[in-house]
């Protein structure tokens, strides 16, 4: 059955499983500005990359949370992926450790801004 | 015995285990420009952060490889941590997947430059 | 007549034509913190660079929108330049395409944050 | 005939037309580290984005050269796209203007490093 | 007496002297998400780095304000350090000059966003 | 006499005093790719900004070294400004302290890459 699933269908399935309602909200928000971009977002990141067998969804979220916190210029997406990390099995402690570790590689401000976002997400 | 270990000793032990000779080479290179910074590097990242129990060394290297690849301005350190990833149990496939995934969050150039570094490390 | 125009006068003229009221608001906001910086902003970007004949204002705004969206840490300026793009003849479709394309070079978050800013500007 | 062209085929066609041999060299270099990533690179940027009708290839290269120069951490890709700009009809003067303009948005170092790369490409 | 002061005590002392209530607010905000990170923040930046004799606190704040403004993705920390600059003896004029100068190295948006933050801090 | 000095003349004088031969080499290298950009580089950073009385050249170089090290994507310019720092009176110790401090705000890789550049400059 999977073999006949399109990239878009697989993307919808992975987005729902990983990002939950936060991911769907992004897709919805794109509808009246760039609906094709919503399709690309479903197809490439979620239909192609997150569908690959070589790395678990849990490990992929470690990578995404670390990258977004280190870059420091994608706070809305970091918020979505802190929630996604919880969805795929990362504990609050693990997410906190990832964010603290970013102080080493991207500086204390990157870690602090990530931790304060996590605090907001954990309190929801 | 661990209880009497200093931060510096713990840092030396973790650096050797995680980064191997690549980490020691960085410490040595600092000797005649900023020896105190070598101490800080051992003490804070390796004596404090990597010594914390809440996240495995393997998971910490996923985060570090992702962050350095996404930032794209720390190629010498990314090289050290691709080797470190192998040292703590990440497979070549897993490292490749982490780097590919960075295309989604930091763009295709970040992923490409990370993959080409990994290719060099894997060929050593 | 142009030959007797000062850099500052030329900057005022270009700023008004390109950025419209958004640019003037920036100049006004600088008055009580750094009035000399308002002068530099008029003189160098708008009196020197945007006055050069080698690239049209339309093409310059493609470059600026792309750069600001890719950098991802200059959202107020990106907002001003999405408006400026419309002022100098870029269509909404063209601006949307530029922003979508940034997913390739700077990642999906950079594109998404640019697109959501454009959505706000287009709805004004 | 175009309607039956796959994303991968369209990507190959666009890559050849835009990036020329520089793009193919990147694809070849990925073969023994991440061949699937070569496929994604062909399919998403070149099969999807560059195939869209809303912005000309010339205008897309203005955006790409500007973004890569402003980011400043993707010099190999900036080199490829300065060549690509020439391939799709940008003049040397236009490329030089785009790079000079980046001084305004990303600082003089970003502009200088872009200009020195362009100098190398123009001298080939 | 200083010789028996711990890193944590020295960090508390330096944080209070340099960042004042803004620094303490950050420490307090970490209490229920990552209390250990508050300890690291006191110990490494303020107990180790700012305690070093080779550069005055005034000069250290020039460096910090410049770095945070240039990075452009750490506005909450830039705000704290504009206040810190005033605390350790930088004048408003000097802080304004540092921020204006960032236009040269990181672009006009980085300088503008820093100047508008300084305006808010100076008006407090 | 200063009152009749043009921005370009003032820029030449400040560039020679601050950056020495390293700055002139940059100007020379621009001659056959973008000679007007050499003029802008002399006029705006060195004729306008570095000519302002509100901050000493020594303090300006603290800011520049910090910013370039933190950004991490402008190594040729950081090299020029480490030399410039020495030219305007910063000691090797002070430059080393500035670079070490960047570990706090931009991460250990930024500090390490700055320190290794400084080591090369100091050994010249």
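We call the chains A, B, C, D, E and F, going by the order they appear; numbering starts again at 1 in every chain.
Keep this in mind: a contact is a pair of C-beta atoms (placed from the backbone, for glycine too) under 8 Å apart; a residue touches a chain by one contact, two chains touch by 3 or more.
Which protein is which chain? UniProt says A, B, C, D, E, F = Carboxymuconolactone decarboxylase family protein.
In this text, all values refer to a predicted model and were calculated from it rather than measured experimentally.
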- Note on the structure: For chain A and chain F, the touch-path distance in steps comes out at 1
- Shared chain contacts [chain D and chain E, defined touch]: A, B, C, F
- Mind checking chain C against chain D and telling me if their interface is mostly the same residue numbers on each side, over half, or mostly different? same
- Query: Through what angle, between 0 and 180°, must chain A be rotated so its C-alpha atoms fit those of chain B, rounded to a multiple of 5?
  - Reply: 180
- Using mean Cα positions as chain centres, tell me which chain lies farthest from chain C. B
- Message: Using C-alpha centres only, name the chain that sits farthest from chain E.
- Response: D
- Query: Cα centroid separation between chain A and chain C, in whole Å?
  - Reply: 31
- Message: Taking the mean of the CA coordinates per chain, how far is chain A from chain D in Å?
- Response: 27
- Task: Send over the residues of chain E in touch with two or more other chains.
- Result: 36, 40, 44-45, 49, 52, 68, 70-74, 77, 96, 100, 103-110
- Query: Mind pulling up the chain B residues that touch chain F in the complex?
  - Reply: 26, 29-30, 32-34, 36-37, 40-41, 45, 68, 71-74, 76-77
- Residue set of chain E touching chain B in the complex reads 36, 40, 44, 48-49, 52
- Query: Inside the complex, what are the residues of chain B that reach chain A?
  - Reply: 44-45, 49, 52, 54-55, 59-60, 62-71, 74, 77, 93-94, 96-98, 100-106
- Which bits of chain B are touching chain C when the two form their complex? 70, 103-110
- Message: Residue numbers of chain E touching chain C in their complex, please.
- Response: 71-73, 96, 99-100, 103, 107-113, 115-116, 118-119, 122
